[in-house]
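As structure tokens, here come the structures.
Consider the two complexes below, in which chain A is the common component and chain B and chain C are the respective partners.
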Partner chain A sequence: MDVRLQMAMVFHLDKCIGCHTCSVACKNVWTDRKGAEYMWWNNVETKPGTGYPTAWEDQQKYHGGWEQKNSQPDLRMGRRELRVLNIFHNPHLPKLDDYYEPWTYKYEDLFDSPEGADQPTARPISMITGNYVDIEAGPNWDDDLGGSPVYAANDPNLDSLTEEERAQVFEIDRLVFFYLPRICNHCINPACVAACPSGAIYKRGEDGIVLINQEKCRGWRMCVTACPYKKSYYNWSTGKSEKCILCFPRLETGQAPACFHSCVGRIRYLGGLLYDADRLLDTLHVPDDKLVESQREMILDPRDPQVREGALRNGIDARALEACERSPVYRYVKQWKMALPLHPEFRTLPMLFYVPPLLPVMAKSEDGLYDTANAELFSPIEKARLPMKYMASLFAGGNQELVRYALKKQYAVRMFKRLDTVGDVDAAAIKRGLEQLNMTGAEAEQIFRLTALPLFDERFVIPSSHREQALAMLNEDMWAEKGGAGFGFRAAPVRGA
Partner chain B sequence: MHNNLLYIILPYTAFTVAVVFTIYRYRKDGFSYSSLSSQFLESKELFYGSVAWHFGVIGALTGHAIGFLFPKSVLWFNGVPVRLYILETTGLLFGLLALVGIVSLTVRRATSSRVRAVTSKMDVVVVMLLLIQVSLGVYIAVFYRWGSSWFVTSAVPYLRSLWLLQPDLKMIEPLPLIIKLHIVNFYLLLIVFPFSRLVHMLVVPLQYLWRPYQIVIWNWNRRRAQAHAPQPARQPAGVASSADEHAAEGRPVFTR
Partner chain C sequence: MRIHLTRQPIALSLWLLTVLFSQVARAQTAPLAAAPAGPAVSFEKRCYSCHNIGSGNKKGPDLNGVTDRRTRDWLHEYIETPAAFYRKGDPTAVELFKKFAPEVMPDQALTTEEIDAILNMIQALTRKGEVYVPPGAKLARVMGLTDVYAGWRLFTGRDKLQNGGAACISCHTLASAGRLGGGTLGPDLTTANIKYRNPELISILQNPNFPTMSSVFAAHPLSDEEIVKLFALFDHHRRQNPTAQAGATTYDFKFPLLGAITLIGAVVGMNWIWKNRHRGVREEIVRRSRI
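Presenting the complex of A and B:
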């Protein structure tokens, strides 16, 4: 057993209102620079929809992620030996136009235009060429267009549906959409790391954050193709690739990442997960629809004495273990089985999990009235507006049962609390429902608390990183670092000759 | 006199500048070593330009290097006419490939507004020098035939004499002007090398072919972490520690 600590995340989609505050926070902190204007390390998409970059989920087009070949996974980009020849021209690299051409407005014209018959306007100009552009795409171009035949109909996840089911999704009184905020998944089996010819991308041992060493990156752009989530971006100005760093300078000082901290819907949870790195290949050696359960198996219980011993042996200290015990992510993912990874079939073992949205579940209407008469507690779930198949294609590698369970659990909690506060539901039916899901009233209460009323410190349980100890361990002597340079220096501040 | 300047002083200067400043730049500003790819901004024309150029120029340079390193073998190989024809044709094809590539890259750089936005003055200098060099090379291959043989009996002895620090110009003095231009332009490219994007050829990622897929880097040495960690629980004696075996950084999660 090789116990590792991973900073893992849960996004509770039922609470996301699609306000893009997370995206703006990230943009302001990290990507408001030349060459990075088009990058959105955090973006929010509308589903059904094609997202950013357009149709990123379509691996027939982008060739990202892994394929299981016999007992070993290999990159979908092709054999390693042949891939090396692609450094002169990567045939599967997304282009700027797959994202959008970043633009600003020529505001000076509002002030500098000569007097005339017309009001001056600020025309859009490209932030790359400076030329006038017609804006034809943006990072959230299909925002709120869940029913649109132009955008939503091209969602790759709809391919799993029959013609009839597809037609139903776009029926006017079934029209529905939800939001999907995305950041780097900081995967256990990152495809970007595996594809980097320079070996510049790595996973940090202490917390599993995936980073690109800017000094070592040579701009071969293979990570951009390899990442199936398209969360590695090429900076066209510096000639280096960049990606989400999970705000590690904030994490190391005990603060939540900017996008987590600023989330107004409080949908985001952050905490440590322990996993067994030795089981990586076994975990992946299962069919697509078994991947979620397989990944859950890989995640270890921080209370298990054997796990604790393995963790201590690997340098994960007791205080970090204590944080893992309180991890909200562990609860949602492993204990309650409510949070699911996005597209597990890409086989990167993403460490960002989503609680699927319950949505407005009523679907059947007759004479303009929704049918609210439900014989069984969970029949609204079965009649959910978005077909279970669609949700399973997003979050479970096609395994509908897992999504159904996560949704039923949310619904059960909702009804359980309704019995408590309103009291207009059948208590016996709710009891039966809880039993059916193998959950107790106490667990329902816990889920309710962590979902609806979590405090800041309950949402973000950040293990101390103890960089100061690391320093002591590396140098034997803390005095060696005294008087050294902090951030921003490449060399010690020594007086020149 | 100007022969000494062009064929003795210039090459030594160029070589020194190239070596010294390449190392200096790598140490001082390793960040700037990048392919500086513009494929993200324009991909379609780059395919024809970049693929043709790189394969063409690598082939042509390899040919020159073989002549420089194994002149006698080349002469022996060319002893049979058919083999000479094959070698000459191959060389010419690589040259033409490189020419097609560099011309199409130049056109692309001049016409695409997005690519122009990432074009530096040094890029223009490099493209011009390369255009001249490859055009001269192809011209020589066509009009001064059997170069694979005369190259090893004229230019190679001269280059080797430079290498041995005993410059000897007698073999190249009688060469036609075009060939001399090809040689001098090469020295100019050497001078420009450390200050331009050409340095990316030094960071070709060949190590990728045999490295493990996953890379994990620890900020601290895990074995020392165990020994020094201020925590009560200690590993019981006799328990095999998987951490000990791979405490070093960069331990692969799985290999190919």
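Presenting the complex of A and C:
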């Protein structure tokens, strides 16, 4: 057993209101710079929709992630020799248009225009060239189903549906959507790291955060192609690639990352997970629809004495283990089995998990009447406006059972609490439902607490950081760090350096 | 176009020997009689790279008859500080500077006596109607049978130049340079020996005072041996083509044509190899949904 510590995340989609506060917080802190204008390390997209960059999930086009070849994981972008041949011309990069051309407005025209018959206007200009542009797309262009015949209709996840089901999704009286906030998943098996020819990307030993060393990056952009989530971006100004750093300087000082901290819907949870790195190849050696479960198996119980021993042996601090025991992520992912990884079939073993949304108001209209009556406790889940197949294609590698379970559990908790507070539901049916899900009333109460009323410190359980121990693990010279403080680039990133 | 030296070796060698001998002899003896050694040598060192006497303008004007055109005082002052003289606004100086722009004659660190000796020499040559030939422009030895081929090997870079200079072919072409010709930065050298007289050509080989060449060859001069061989090569070309005009060129379009074909081939090939490359998703989705 090779126990590793990972900072892992849960996004509770049932709570996301699509306000983009997280994206703006991240932009202001990290990517409000020349060359980074088009980057959204955190973005929020509407589903069904094509997202940002357009249709990023379509690996036929982008060639990201891993596939099992001869029982071995291999990058979808091609064998190593092929990647070397493509090193000066990486053919599968998204075009700027697939992201969008970043723009601002020429506000000074509002003030400086000469007096005339018309009101002056601030015309849009490109933030890259400074020329006037006609805005054709943006990072959330298809927000709230905007332009859905173009964008939502091309959602790659709809490929799992039949023609009929597809048409139903876009019927006007059952139209539905939900939000999907995305950041780098800080994967256990990061494709970006594997693809980098310069060895510039690494997964931090102490907390599993995936970082790009700006001094080593040579701008080959192999990570941009390799990451199936398109969460590594190329900065055209510095000539280096950049990605979400999980606000590690904030984590090291005990604060939640900016997007987590600012989240209006309080949908984000952060905590440590322990996993067994020795199991990596076995975990991947299963078909797509078994990946969620095998990934769950890889995650270890921090209370298990054997695990504790292994963790301590690997230099994980006892206080960090204590934090792992309180980790909300462990509960959602492993204990309650309610949080699922996004597109596990990309096989990067993402460490960001999503509680699928229960959003669609479950009803059907008949003769102009809106019928919300349900024969069975869980029948609304089956009647959900978005087919289970669609959700399974997003969160479970096609395994509908896992999504169904997660949704049922949420629904059961909702009804359990309704019985408690309103009392207009059949207690026996709810009891039966809980039994069916192997769930006690106490657990339902816990899930309710952590979902609806969590305190700040319950959402973010950040193990106190021990940089000194991390450095000691790397056998670096500790005296050189004496008196050092702060963070950031020792030198600004420069092209060719 | 290649020289087939080995095909008729005996005939060629006999012919070479007789012709070359007479020429080399001329190159060696004629100029020496014309001028006294002192000023002739300093003229070669200090002035000859830019000035001729009696054989036309170079970077600077031909100095034939200059002692009759200008006064001695003017000449002295001008030679010592040409730029200052020009700035003073002397009309003749201004005219000369304009005519030979962008060349600017550098100030000369010659003593008054040296200048006088040179001017005397110019006067003497002008009087006699003779042409200045640099005294040092002599081949180190008599050209031999194999020198033309050896020169050709040097020219085309098959043999390295002893002091590390770049092979002639990198900038010059020659009728015998091969199918693709040579470089086009410098002139075609097939008629070099017609444009320049023998001693001039030798002097150029010894001390190439053209702006591009001087910077390249200053640190990598040709050895005496190499000069003999290259001279033999140019001389051979003159004899091959006795009616050629100076400046005539054998420039052809094979090389650029080959370049163009390769370029087109590369572009087409790359387009084929990466025919499945990503060409953008969003634009395509939007286009498809418009139909």
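The rule is simple: the second predicted complex is superposed on the first by the 463 of 497 C-alpha atoms of A that agree within 3 Å, B and C clash if a C-alpha of one lies under 4 Å from a C-alpha of the other, contacts with A are read in each partner's own complex, and residues count from 1 in each chain.
The rule we apply is simple: contacts are C-beta pairs under 8 Å (C-beta built on N, C-alpha and C of every residue); 3 or more make two chains touch, one makes a residue touch a chain.
In this text, all values refer to a predicted model and were calculated from it rather than measured experimentally.
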| item | value |
| --- | --- |
| Fit or clash - chain C, chain B, common chain A | clash |
| Touching partner for A:89 - first (chain B), second (chain C), both, neither | both |
| Touched partner set for A:1, first chain B, second chain C, both or neither | first |
| Touched partner set for A:297, first chain B, second chain C, both or neither | neither |
| Contacts of A:55 with chain B and chain C, given as first, second, both or neither | second |
| First, second, both or neither for A:150, with chain B first and chain C second | second |
| Which of chain B and chain C A:218 touches, first, second, both or neither | first |
| Per-residue contact with chain A, leading partner among chain C and chain B | B |
| Contacts of A:420 with chain B and chain C, given as first, second, both or neither | neither |
| Location of chain C clashes with chain B - one stretch out of 23-31, 41-49, 167-175 or 275-283 | 167-175 |
| Residues of chain A at both interfaces, chain B in one complex, chain C in the other | 89, 91, 93-95 |
| Touch list for chain A against partner chain B, complex | 1-2, 72, 74, 80-81, 84, 87-91, 93-96, 128-131, 189-190, 193-194, 196-199, 201-206, 214-215, 217-221, 224, 234, 236-240, 277-278, 280-281, 308-309, 312-315, 317-318, 467, 469-470, 472-474 |
| Contacting residues of chain C [partner chain A, same complex] | 270, 274, 276-283, 285-286, 289 |
| In the complex with chain A, residue positions of chain B that touch it | 30-31, 33-41, 43, 46-47, 50-51, 53-55, 113-114, 116-118, 200, 203-209, 211, 213-222, 224-226, 228-236, 239, 241-243, 249-250, 253-254, 256 |
| Of chain A, residues touching chain C in the complex | 50, 53-55, 58, 61-62, 89, 91-95, 97-98, 136-137, 149-151, 153-154 |
